[in-house]
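Presented below are the structures under discussion, each in the form of structure tokens.
Two complexes follow with chain A in common, the first pairing it with chain B and the second with chain C.
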Partner chain A sequence: MRLREFKPSVTIFFWKLYSADVLRKYDLKFNGRAKMKHRKFGIFIGKKIIRLLILLMVVCIASFWLIEQSPIDPVRAYIGEMSIQPEQRALLEEYWGVNTPSHEKFFNWAKNLLNGDFGVSLIYRMPVTHVIKERFTASLILMASSWLLSGVVGFILGIIAGMNSGSLIDKAIKTYCYVLIATPTFWLALILLLVFSVYLGWFPVGLSVPIGLTAEEVTLFDRIQHLILPTLTLSVLGVAQIAMFTREKLIEVLSSDYVLFAKARGEKGLDLVLRHGVRNVALPAITLQFLGFSELFGGAVLVEQVFSYPGIGQATVAAGLRSDVPLLLGIVLVSTVFVFLGNLIADIIYEFIDPRIKQQEATQ
Partner chain B sequence: MTSNAEITVERTKGDEALLKVKDISLSFSQYTSGLRKTEIKVISNLSMEAYSGEVLAVVGSSGSGKSLLAHAILGILPSNAKLSGKMEYKGQELTQERKEKLRGNEIALIPQSVNYLDPLMRISDQVIGNVEKKSEKLMKELQRDIFHKYDLKSDVDRMFPHELSGGMARRVLVSTALMNSSKLVIADEPTPGLDEKNLNETLSYFRDMANKGCAVILITHDIEAALKISDKIAIFYAGTILEEANIEDFKNDGENLRHPYTRALWNALPQNKFQAIKGHQPMQDEVIDGCFFYERCSIRDEHCSKGTPQLKMINEGLVRCNNVS
Partner chain C sequence: MTASGTISKGLFRGFNLRQKTILLTSFISLLLIAIVASNFFIDNRSMSTDFESKNLAPSFDHPFGTDWMGRDMFIRTLGGLGLSIMIGAIASTISTILSIILGLLSSVGKIEDSFVSWLVDVFLSIPHLLLIILISIGLGGGATGVIMGVAFTHWTSLTRIVRAEIKQLKTQGYIQVSRNFGKSKWWIAVKHFMPHLIPQFILGTILMFPHAILHEASVTFLGFGLSPHEPAIGIILSESMRYLSAGYWWLAFFPGLSLLIVVLSFDMIGENLDKLMNPKKAHE
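Up next, the complex of A and B:
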């Protein structure tokens, strides 16, 4: 069996594909063409950056307007449940600028944003950038591990189902995926929590580190143990999607003319699927997985809430419920960039790594 | 079959046929309107023989199931296909297991178009195919040799299929058959869309293969192209072969042709009378009792509408017609 080409991770494989291609073009005195390619990439990225700026502007205006329309009282958010005198309230109102006209408020906020000042979080009492940095790092580990897990497991399940389409194992995987798609994330989180943490006691009930320890005392094992259930929950939804997609795509590839010809040349079984199936399914599957960044973020909000995992999702819920406007707006902007990045990577894969698309553009 | 005896008689002067196809029928079961299952017959009672060192052209109109004949020989039919009849390769029965063992090895397919190449695999990897690691280097050298012979430069090795021009793609596809020690080469519509020069060049590859001892089955709709290089021409109509004529029979205005359909084909060519006959081939779901050509035939009688005519050996060619002698 010739697995040689598939042993390195898929990314390395595509990188090889890409870099070898660049090298070849240099090889063949196509120096100019390779240069043109880099220029093209520059133009592509430039266009994307302009698009991102426009998107951020629109998101800023839209979310600011929404917040303005909502019955949020910054004074109430600041003092919490305390009761205060009307005079003090008036002072605070002036301090927070409750009575400033909307457009003035917006321009003040936008000006500060441009200077890198996202304001101070009302509930955490520290700069928003600081809160987001800390929370986002925690979430990133959670999201990255579940993203990888769902991608790998989903892809493998999809390949198995597609290879044996119509068989019992295919039906089992399909049923499993349908059930997963229909399952609400928070409900699944609760069930996992009940079974594994409460009844079996294998995993902690919540948080990202054990309670009552200083930061130095927390071991890597502790962190991993706290990460397992949230990761599992968060990856489950992604598994179903990528598995169904991979299955569909593989069936399509296996009924293609080039697989028929490969069969006519004596290739068969797993070898055939690895040589032609995986090769042709991997690219679209990875693209899809990058496009799933938005769902990943949405899922993180729910999962972190159930597991009291101190990540960006939990901070979002807290900021929303407790009227922490600066933090909420900050998170909205950061998540916009995050999802945009996912789409951008998908676009890059699509336009610059797939040799077919590259060629089409070259001939245009 | 009554003709079996005759076939053997004729072949005693030459070698035994490499591939014998005897009375094969191929049908697909299909679900139409809800759960009603119907059988669509695409090949019926087809017989033919391919000899080493000869080019046998199977000529028929597009969409008449010629490609499926190739797929049936290679055993790569879809799962809802039903194949009956017998095939023999080197005198032994060609079972599905044997097909799987022989294909890509002794039996090679040359496909129609570049669509039959993996779009994401480099040409040289593709032409070499799935080989063991230890023979990889040897195969690479062989591939380079073959490419050199076909005037494919070394940068073609690292190209992807979509980067090939039409003529290059054709040569790449042909070279896949040379990578193995193929004894039977089945070329499925290898000539569409080629200009005169490329066409002749491609055809010469097949003639070369036959001259080196391969049996070549050339499946095509282009009777003119077939006439240029073939030794025998089998006329495919409505899922069966109506006539297997030697190339000489097409000379002298086609006077020696046996079947009225072959004659009609011959007369339809621009350089001949350029006359088409009326009607069209029977549809695949039509049930026909008599001769498949009955509706359009000029020499039919009531006898022809009942029962398929037997294959007869006339003047060193085979024909499926009652009224020829």
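Up next, the complex of A and C:
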């Protein structure tokens, strides 16, 4: 009896020892793995940051060189149409450094950039950072909403087309996408403006807020109403690309062996597509959507011009047309970072989030 | 894909798919050539202003209507399309030549290869439209600025294709044999790779056309490049913006629609040629 009573406690004792050991080992292994993963991610991000720095340096040099080549007269850009005395002109020329050599000018500009000083915008008469911040926020709302809308609508259209490939719906969606890809963005914007604002009068003709109101009087509804048409135009173009891509991918997935097997098990219709198709197509589609930041920016420039929406695109056009060099260079740098971020997110999704790639690593 | 689907019945019955594709392609090409050729026959008289017939809605005399100076929009649109096609042709030819040079350069060695792919990455890292604007400003604007801006930014995708193709060709046996014979890398690039790549270049140029035309129109629409009295589509459309709220819809509608049709035609030609030349796609 005594022995019997004793035995379990011994067992428990040993079990405790053993389990602590196992737990410790497991803990170590788990932490080690997590650490390794963190390290891998750290190295990945570090490499990307170095790439970004090199890229920004090259973009700085190249765009500065391009602007230097052009016959832009900064004094003329600054004073506009005013006429001035020759002495004043000489002062301004000295201020803008017309007669300083290019490389010196570049180093001055680069030094200021490193200190976070992008210079003063000639047409808005305030610091470039300030202009870009204000304009970019306005554009971000526009770009983000149309990006989301085009992603969702495009994905759904692509799934519908891919599910019914060869059918009438598929052909309709395909033709629609073909035509959309060939449509000039600004023309589409003009037509929408013509139909919805001029004829139907549903939406305002332009700007982001009604004219003649102070900032406090503008309601959220006003803002949204001014945002709808630009967003619609911008998203219509994104739809085509993502829909075509999703369609192709889904058709590819649906002709795979595992879908054949699923069909043999009796799965069919929407259920099959949702279980096996969408899950496989979603990540590449999201990745593609993140890679489209460059096109999104270009589209925003055109759409903002048509709807006179006061965003970064309109500022870009104004800076280009009226030779506002500091602002133009600032926008080039900021948009480069913007596109880079999109590519970076796509890379992260591809390398770290896609479960298939995780699995590959685990089996290696 | 769409083209062959729509013409498989009716009008073209009795031809096989290949003949139909050839017929359709030549028909569209003829249309585009006609647009460009018509530019040489437009005399200045019909482009001139006529204030008695201003702001007319579309009619039999003026199929696209007239503008606020009484100019016939149909003729202006034709002129604009011709200009767009010509600018597109010059720009995509330059782009193709650039991508031939860079593609072949990437085949020479490892350093050259990574340089080319780095260059592609750099060009893709600035938003496309912004880059065109930047280049056209750098070259002092005008038609040259726009053409060069479009030409220097469209070579990236074709270069990537060429690079991938060459990588694949390099694994072929006869390239190894040629190398063992002591032929130089440049010799192999020109004598062995080039003949393989020529169809790619022809196709690449044609498929570059739609992009080039659209970008040219966008940049002129924004006000960079061509001077306001040229009848470019971008300029016509940006002028029309001022008259939209007056309800002159034809000023914007028809020029843009014709541009869309031209772009679609180039797309179709490119795809049909791909079908005709690429044995893998011949059976689709």
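Assume the second predicted complex is superposed on the first by the 329 of 364 C-alpha atoms of A that agree within 3 Å, B and C clash if a C-alpha of one lies under 4 Å from a C-alpha of the other, contacts with A are read in each partner's own complex, and residues count from 1 in each chain.
The criterion applied here is as follows: a residue touches a chain if its C-beta (ideal position, glycine included) is under 8 Å from a C-beta of that chain, and two chains touch if they have at least 3 such contacts.
All of these numbers come straight from a predicted model, not from anything done at the bench.
Asker: Between chain C and chain B, which one touches more residues of chain A when both complexes sit on the common chain A?
Answerer: C
Asker: Is A:298 contacted by the first partner chain B, the second partner chain C, both or neither?
Answerer: In the superposition, A:298 contacts chain C only.
Asker: For A:38 in the superposed arrangement: first (chain B), second (chain C), both or neither?
Answerer: neither
Asker: Mind working out whether A:130 is in touch with chain B, chain C, both or neither, as first, second, both or neither?
Answerer: Neither partner.
Asker: In the superposed arrangement, does A:111 touch chain B (first), chain C (second), both or neither?
Answerer: Neither chain B nor chain C is touched by A:111.
Asker: Over in the complex, which chain A residues touch chain C? Could you list them?
Answerer: Touch list, chain A to chain C: 55, 58-59, 62-63, 65-67, 69-72, 171, 174-175, 178-179, 181-187, 190-191, 193-194, 198-199, 205, 293-295, 297-298, 301-302, 305-306, 316-317, 320-321, 328, 331-332, 335-336, 338-340, 343.
Asker: How about chain C: which of its residues touch chain A in the complex?
Answerer: The contact residues of chain C facing chain A are 1-2, 5, 121-122, 124-130, 133-135, 137-141, 210, 214, 217-218, 221-224, 237, 240-241, 244-245, 247, 249, 252-253, 256, 259-260, 263-264, 267.
Asker: Which stretch or stretches of chain A touch chain B in the complex?
Answerer: Contact set of chain A toward chain B: 2, 4, 20, 24, 28, 256-258, 260-268, 271-272, 275-276, 279-280, 283, 354-356, 359.
Asker: Mind pulling up the chain B residues that touch chain A in the complex?
Answerer: Contacts found on chain B: 71, 74, 76, 100, 103-105, 108-109, 111, 113, 115-121, 129-133, 155, 158, 160, 162-163, 176.
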